[in-house]
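Below is one structure, written out as structure tokens, with a few remarks after it.
By written order: A, B and C. Residues from 1 in each chain.
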Amino acid sequence: MLTDARLVAAKDLRIELRSRVTVSQVVPFAGLVLVLFGFALDANRPTLDLATSGLFWVTVLFVAIMAVQRSTAVETTDGARRALLLAGVEPGAVFIGKAVAVAVQLLTVEVVLVGGIVVFYGASIEEPFLLASTCLVATIGIAATGTLLGALVAGVRARETVLPILMLPVLAPVLLGATRAFDDALGSVAVNGWSWLAMLTGFTAINIALGVLAYGVLLEET
Amino acid sequence: MTKLMTDDTIIDRQRGTGSRTTFWLGVVGLVGAIALVFLGFFVAPPDDFQKDAVRMIFIHVPMAILTYVAFSLTAIGSVAWLWKRSIWWDTVAHGAAEVGVMFSGLTLFTGSIWGRITWGTYWDWGDVRLVTTLILFLIMVGYLAVRSFDGDEAVNATRAAVIGLIGAANMPVVNRSVTWWSSRRTLHQKSSLVNGKIEGLTLFTLMFALVVFSIIMLWMLIHRFRISWLERQVSEGDLSEALTARRAEARAGMDRETEENK
Amino acid sequence: MPRGSDVGPAVSTDSVPGVCVVRLNAVVALLGRFPALAGVDLDISAGEVVLVQGPNGAGKSSLLRLCAGLLRPESGRAEVFGLDLATARSAVRRRVGLLGHDTALYDELTVEENLNFWAAASRVDRSAAVPALDRLGVSHRLHDVVVSKLSAGQRRRVAIAAVVMRRPELWLLDEPHAGLDQSGRDLVDELVIDAAAAGATVIMASHELDRTLDLAGRTVVVAGGMVVADRVQSGEGGIHAH
């Protein structure tokens, strides 16, 4: 199973690297959103300080929607889903592989975004370890949930609009949790970031389990 | 229960989805609702602090409780569909999701009116139960959106069931996160039912309201179930028609073959 | 090297001549609500080369997909390799090779990367990729070209190579000649002959009757989701009722 997952993840990442969408489109998009939020809040430092974590994660969610959409399209455009079934790859492995690939892309964007909030919003990183762990755990949770929902809308005509409708409410706890944990890591609001990280870990575990269980049913039937 | 809902003598295309059971349920629900209006407005006393605004409790609280009952049914039905391919449960899950979306919509609506009167604001982000209900509402709107995709119904049932499952599995996390998130600034009163501050006629009216709304919900669920059941019968009719048409096509093909090979 | 040894089935336990590879009995299968197959009866023995013929929308592709274990039989009894398609579809899938309308190749990956991926995914040795490409006449110069840059015909050849590489026991070819030039079509014909010689079973759907009639020992005519005629060709091209 892990071999298959690695195979799928490597394949997706290679496709992503080759198409250069992350580097040439997604990263500039994320940076732009960050700058626009700066304009919208009128470069008001105290407001920006309070809002930085939230803006960071809202941007990540936007990027996640785009990443999941591309990750799903890779399998649907030329009948690869069917070929995966014929090859006999474990659906759970396909799920894990694709989720890992999405997570890697998101983490890349997050590295740039962290640079962005330091430069544009003047954020200071008080607890780098908490910051990094939050990014890792929350991102895996987002990628897992998104990959499952992406398979759910595969082959549906209105999938571009439906995917965010399905993804965003389910990801609400991530937005709440990761934002609070970031508040702590950036020292902007006094909260216990570690307990939020524990909650995020729970979220991520639940959704990985759901994905491993349900991905096969969706691959099989849609 | 299965028999109650699908008995042939009950479901009859000419007579619609009503039966003796639903007729009496409807009557009891209607009379109960009228009695509730009377009890709620004239019998139950106004609150010391909230004055007449407290009467909102008779709608808001039952709606909120039944929202969770409905969505639990959807979650159970989703699992039963994925696991056992139970069409009966799938139909229940779908109906319960529709009723649940309506009830949660009403919970949010009455909650925000009540909030406006007592807290001076329509929406309070610090309110755990309201925010949790909002997220649940949004997930279930997604559930219904998936149900309405065109294409194979069984496939959509599976898609929707996965959402039902995701929603149910994530509910504890949603609730936990909202609780922590809002703990610094909640306006919502602690559950008044539990701490025993409500008593006498107000408590009685609230319980009465819960029973009345439960009956109304059951009435809706049964009707909704029967509508789905009839729809299914119609589409099965479509299928046997389609099969007949397809086989006629085959017969024409067969005639053509014998003609050519003479 | 004996004829067909490079395309024959990797495992040939069930491919003893005379053994039923496909056995369909009143099979109905739905695409959404549409009965694509409306009661198919069909027995195919190991080693047969069967041409499935019929007008557009007759159910040819659905029949192939059913045999590949991708379509669930709604009613009736369907077995491939003696495995029930209602319950054991995933066991069937590993043993068949399906060439559909899609090529199932990833645009951004090179020819070689694509085949390596599908080889690893299907538990086939990587070393099978290059001979399979050679077999389809895909020149080595194209191995490092991304698939999106290939012509439609080249792409089709790569897709066929991906099927060859799996060395399936049952070949399901949906319009295998479509989109290929003359030499490509000849290669497909050779492939079918060799696969059958090596003990594999071939079912192909095609409009190209002049080509495939000679290739196939048997023609099954499909219309309205049912088998409406079933003929065995004799050596001289004469037709007898089956």
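The rule is simple: a residue touches a chain if its C-beta (ideal position, glycine included) is under 8 Å from a C-beta of that chain, and two chains touch if they have at least 3 such contacts.
None of the values given here were measured: they were computed from a predicted structure.
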Central chain (by mean CA position): A
From chain B, the most remote chain by mean C-alpha position: C
Whole-Å separation of chain centres (CA-atom averages), chain A against chain B: 31
Rounded Å distance between chain A and chain C, as computed from the means of their C-alpha atoms: 39
Distance from chain C to chain B - Cα centre to Cα centre, in angstrom: 48
Chain B, residues touching no fewer than two other chains: 151
Parts of chain B lying in touch with chain A, wherever the complex brings them together: 82, 135, 138-139, 141-142, 145-146, 149-151, 154-155, 158-159, 162-163, 165-167, 169-170, 173-174, 176-178, 180-181
Residue ranges of chain A touching chain C (in the complex, touch as defined): 4, 7, 11, 14-15, 18-19, 74, 77-80, 82-89
In the complex with chain B, residue positions of chain C that touch it: 28, 30-35, 38-39, 54-55, 58, 221-226, 228-229, 239
Complex contacts: residues of chain A adjacent to chain B: 145, 148-149, 152-153, 155-158, 162, 165-166, 168-170, 172-173, 176-177, 180, 195-196, 199, 202-203, 206-207, 210, 214, 217-218, 221-222
In the complex with chain A, residue positions of chain C that touch it: 68-70, 90, 93-94, 96-98, 100-109, 113, 117-118, 120-123, 146, 162
